[in-house]
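We call the chains A, B, C, D and E, going by the order they appear; numbering starts again at 1 in every chain.
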Amino acid sequence: MTNEQQPKKEPSDVNPSAADSTTPELLQLTAAPHLRQTESVSHIMLWVVMALLPSLAAGVIFFGLRALLLTAVSVAAAVVTEWAVVKFLKRSVTIGDLSAVVTGLLVAFNVPSTVPWWMVAIGSSFAIGVAKMTFGGLGANFINPALAGRAFLMAAYPSAMTRFGPTAFGSLSGIDGMSSATPLAQFKAAMADGSFQALDFQDALSDLFIGNVGGCIGETSALALLIGGVVLLYKRIIPLRIPLVYIGTVFLLSWIFNGTDAHLTTSAIIIPFYQILAGGLFLGAIFMATDMVTSPITPAGRIVFAAGCGALTFIIRKFGGYPEGVSYSILIMNLFVPLIERSTRPKMYGKVKRRD
Amino acid sequence: MPVELLYPVIVVGSVGFFFGVGLAIASKKLQVYVNPRIEQILGLLPGANCGACGYPGCSRFAKAVAEGRSEPSGCVPGGSKTAHAIADIIGVSAGVTEPLMAVVHCNGGRGRALERARYEGIEDCHAAILIGNGSKVCQDGCLGLGSCVRVCPFDAIHISKEGVAVVDADKCTGCGKCVKTCPRKIISLIPKVHKIFLACSNHDRGAKVKKYCSVGCTACSLCVKATPSGAIIMENNLPVLDYTKEENFIPAAYKCPFHCFTDLVKTRPKANIDTKCNGCAACVAVCPIPGVISGEKDKRHVVDKEKCIGCGICLNACPVHAISMWGVGSNVKTTAGKR
Amino acid sequence: MVNLISLVEISIGAVFINNFVLSRFLGLCPFFGVSKKLSSAAGMGMAVIFVMAIASSLTWLMYHYVLELYRLDYLRTIVFILVIAGLVQLVEMALQKYSPTLYEALGIFLPLITTNCAVLGVTIINTDLNQVTGMQYTLIESVWNGVMSGVGFSLALLLMAGIREKTEFAPVPKALEGLPIAFITAGLMALAFLGFSGLNFFTVVGG
Amino acid sequence: MVEKHFIAVCANLFQEKNVPRRYTFKGGVHPPASKNRTERLPIEPFPAPKKLIIPLSQHIGAPAKPVVKRGDRVLLGQVVGEGGGFVSAPVHSSVSGSVLSVGPFAHPVGRQIISVEIENDEKDETAALTAPIKAWRDAAPQELVQLIQAAGIVGMGGAGFPTHVKLSPPSNKPIDVLIINGAECEPFLTADHLLVLERTENFIEGVLILKKILNAKKCYIGIEENKPDAIKRIVSLLHNARLREIRVCTLITKYPQGGEKQLIRAITGREVPSGGLPMDVGCVVQNVGTTVAVFDAVNRGIPLYERVVTVAGPGVGSPKNLRVRIGTPIIFLLEACGFDPTSVKKIIMGGPMMGLALSDVSVPVIKTTSGVLAVDATTPALRTYPCINCGRCINACPINLVPSRIVKYIEKENYQAAEEWNVMDCMECGSCAYVCPAKINLVHWLKLGKYHIQASHAAAAAGK
Amino acid sequence: MISQEIKRGIIDENPILVLALGLCPSLAVSTSVQNGFGMGMAATFVLTCSNVIISLLRKVIPEKVRIPCFIVIIATFVTIVQLVLKAYFPALDKQLGIFVPLIVVNCVILGRAEAYASKNNVFRSLVDGLVMGLGFTIALCILSVIREVLGSNKLLGFKFSPRFQPMTVFILAPGGFFTIAFVMGMVRHLGNRKKGV
């Protein structure tokens, strides 16, 4: 029967061809291409982290060391959560791709510097644990994890999330006084009670640009965010079109519908600048809307997506229940991404009429 | 008071009546022919229209099942009872056939068949075929990347430690999905009762085969000779087993010098000659293995249990029915890869 | 009688702020059942809009001209569900007979709608006192509410279907496959939709 | 990559008027060219080995049928395999000697292919060849096409489409543009480059022959700008000979510039329709090697039995450009170039972007072998990261597909969706896999998807 | 047999956590244990009564109009529940809102009517209604305990922990989805583990 022990021959004495004698090791058999670019996902994530560092520095300068502590807690919570989930699922550890670090940084950048440390940890854990890892980790989530974490915190602890601390160098020139509300909240209040004074806000622009205003840790300094954005653009990690269209849409809409009848007066021109510099627009447009996983993959879709984000940001800021609309608008547009991708498929080469 | 009681009765009654009559008329007037099997299946479903099956509503699911587009087990709330009941309805038309099972005609795993390269790509046989035709020297060997494992709806195929596909006879239903998908076309269906098949598909000449596979068929034709009925013929350097002839392939399998046959029965019961034996030696003449049955003429013969292969040919040859098969047998487990 | 502002407010409320699925938890069974494919989601959405519009008008008439008249409010549930069930079945049969193509596109979803709490829900909401204004909807308002609730349902359904088609590729943990991950998806969608809360175009906020 | 285009347009605007226009296409990648080790080395003739294996299938289409048998004596250039059908080409012996056997032998594609094994008697006795048509300018195009067919010429760039088929377009598809593909965009390969440099006159005469056959009004020679010496040489020759009907187009160095469809798009602006052939837009593209082979066949009556092969790669000590008899086992080439078997991890036939990885070094050089590369490092074969939707594959795809999405469909065995997303138009150039930061084996998946779709189509056709 | 039936209703075929039926009310009213329990009881009452009646009438009701008939029977009991709630538990009635009338279209009830009561005798249908209702109630209680504690730091209306800061999101819609997702995932995970052993 076949049960008996078969004397096994060593592979070496059944060598099929003489040519093999020159090949000590089996050759690798793979599909083309046999050349690959060296840049990998973790390189990309590393560069994103680097690009976020100027904003972190700005956050620490304006909000003190507490900002650094919160960021550290957030990053640690994100990484630990990812590690724990992966271990629980008995999958290979993925924290090396650094995407959890990016998420952790972004969650911290999206909370005020006054929140307790455990709150930011909850936000980070939610971002990684629910919004990302339940779908299977990097690349599988449909919604920006960091923003989902922020939205979760907003819904869970609304008061803590909207209590902002004053900056280290005093506050907005002229209009602030005692409150440490964000520039957008002040703006909305000013528009609502009719006390709007263009000049007050004009003075504030420089503070807004360098980030000496109330707000979340990483969102206030447009300058630092721009530096990071330039780095990412230079490394071709983010497409220029998303931040450009996003900020452009907000600018245009808040210029056209500026609440005054004129469009060329000082206040009419100040308003759009104020709108794009205040709040988290730069952070959102440069770092969140450009999140590759949750933005459309198609070039045309990216424009639609960014324009949608811009329009929603404007609508929520002007008509919504919150003074700030960047994070929600990106989250909502994240939901539309599959539909956008579907309807903006690039035109393929050769989809032309045949010449007969 | 009675009026107040009457109103609800009238209202509900008339609404019900209105729709009842309306529906009755409508169902007559608007009748559309539907496959009666769909109705039957629909009757078995919970009717919750919950959509858990992925189809819009129970009737769509019933239709999908009736048309073979969905598995009977798709209804989650219905559970396994419903699934079986549906399967019964579907099965009616399938007809009863001889149970078949799939077998993999290759046993050349690691250590037996030579590799010529290190395949690093998608874990899929088709994918390996596409680049460089796989990494085995043998052009007909099992690639062991599991395309058949993935298509098997019954979890009846797995890849052995040595890296060849092995079918679990208990689970295999003979649906033939693996046969269709195998890019090397080395899986086929055999009648389940047979349990013996040739585990090689190589058409190369013997001398060539020996260079790269220790369990490859060298086309020595010993199996053909061991099967006098002609149920095995050599075709293009490979024996072809004709299962329709109901032949006993046990001797052929035993005679193969390179153990190219796989017998799914681990230990076959051995022949035993009892006292009825009159020593006619008819059994000696038919026994395919020389020296298994011995004995003097006209005296009770004995079987060497060590050597007996349990083919049972002697059973029919004995004129006095003195031979029976003894011992634990029918331990149907695949032996491939565990030799 | 027709107050455009109230219609717009109804629309925004029904589609965004109090989205039937993502905020009111109505119609969840079909929402999770039919959101696996975009094409069927679109068909289902159309069917729901259609049925909600018809059911809203019929039940509104029934409520105000029969039940209220005879003080039989307590029969609302029975009568409404009867009306909806009968209506849906009639529509389905008619479609199957007269327009097979439309039936293929919409009709097959109709049985799902009979027992869809979204439809019964919208008719009940239409005839309840409005929590904000403390008034009942007029006929036009309730039909519009029906249509817009259907639109809200369809929007959520379409988004969900798109996302599910995308996350179909995702290596979701085994225990969360299927419905649980769909719940999480819906939860994250609801989280995003919180952004619409407080949306108001008419009470001037920002000038 | 609109931004990139914008920059390119701007750059073009500010260019001086007399600088020649640089042609290119949309998409593509910039792999390191790695040609500097061989681009100045002259072509060396490689001695025919003792034993050759000449496969009877070296082109797209039906394989040739053997016309010799074991023991037969064959001469150099004698037909050993007759073309079977119109889309097929004969195969010639590349040495004189005796046939050792006719049977299955390892072939670069990995399968066993019927081949003729010939023992070289090293006499190189030449068979009576088809008479060359020296006066080709007066010959009928039909006659020339027949000669080219008899010479067994196939596209030598890689695909191996029989040349005579390309040269006989149906009458309803008039050809007005002939493009000679000298792009050689694959890294490492310099065979075409050197061939043009060394045999420029023959090459240009070959172009004229092709042009005459097709009766094409326009003729372009596309060469990537990283071969300035070749461009200069051709231009000066054309100028001296006053051949104004042939134009040299400088192409931007970018992979896959030498893809047929990309070349047509770059030079003429036309787009070959999906599923169509260049002749659908009035174009014919011929490779440099093919053009020289046409010259050899028409002017000298030499059939295609040898070709230029670049042997290079980090795994060989002294890379070379060799003129090799078809049928020479590549192990001999590698050994002649100082190949280090201990460090080599992979051997590639063709270029690194589209070439085949070999599992066996005994396979012979065939008509489409443009290079043999020995690589000392393995390429990442298995997925190391999940797809992060970065969209680089879309930007790289020269035909504007969405590779990552298609691959996701294929992974889920949703071949119908993959087909809807035009996977069948993929030409497997490898640009997407080259740029993928997640190191996904995109091309392999795409191949798999195309294979399954073709199989299901074939099954459907058989069912009808 | 009874214990087996109970196990079936609560664990093996739990209407919410395994069969995923009746999702709308289970998500909408599980914001507090009181609401969840009230809804569970109401549904159990309707389920049991309608199961009994349908089982009694199962030979009388014509096949073609069975669904409308079932609905009418269910709707009758729902109306009874509505009236009882209004009269005796007005606060609960206000809390549950439109989800009381919506019990009519709860797939659990119609599903059991169609799948079980219309095919089995009265006693079995009664038991089925009770155990299914029990399973429904228990699942609702589990969900509402989690949501009430996390969302408002209360249990049955009493303060749960002095230090814990409640996450309001859990009594909002997203929290409902997340809670049921993870409870269901946990149930499946345990089920898989059991099967694996």
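As a working rule, contacts are C-beta pairs under 8 Å (C-beta built on N, C-alpha and C of every residue); 3 or more make two chains touch, one makes a residue touch a chain.
In this text the structure is predicted, and so the values were computed from the model without any measurement.
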item	value
Of C-D and C-E, whichever chain pair has more C-beta contact pairs	C-E
Relative to chain D, chain with the most remote C-alpha centre	E
Separation of mean Cα positions, chain E and chain A [Å, integer]	41
Centroid distance [mean C-alpha coordinates] between chain D and chain A, Å	45
Centre-of-Cα separation between chain C and chain B, whole angstrom	50
Residues of chain E whose C-beta touches two or more other chains	20-21, 67-68, 72, 107, 110, 169, 172, 174-175, 178, 181
Shared interface positions of chain A, touching two or more other chains	20, 27-31, 130, 134, 136-137, 140, 152, 155
Contacts with 2+ other chains: residues of chain D	356-360, 378, 381, 386, 441, 444, 447
Contacting residues of chain C [partner chain D, same complex]	168-169, 171
Complex contact set, residues of chain A against chain E	122, 130, 134, 152, 155-158
Partner chain A, residues of chain B touching it in the complex	111-112, 114-121, 127, 130-132, 135, 137, 210-215, 253-254, 256, 259, 261-263, 266, 268, 309, 335, 339
Residue ranges of chain D in contact with chain C within the complex	386, 408, 411-412
Touching residues (chain side chain D, partner chain B) in the complex	109-112, 356-360, 378, 381-382, 441, 444-445, 447-448, 451-452
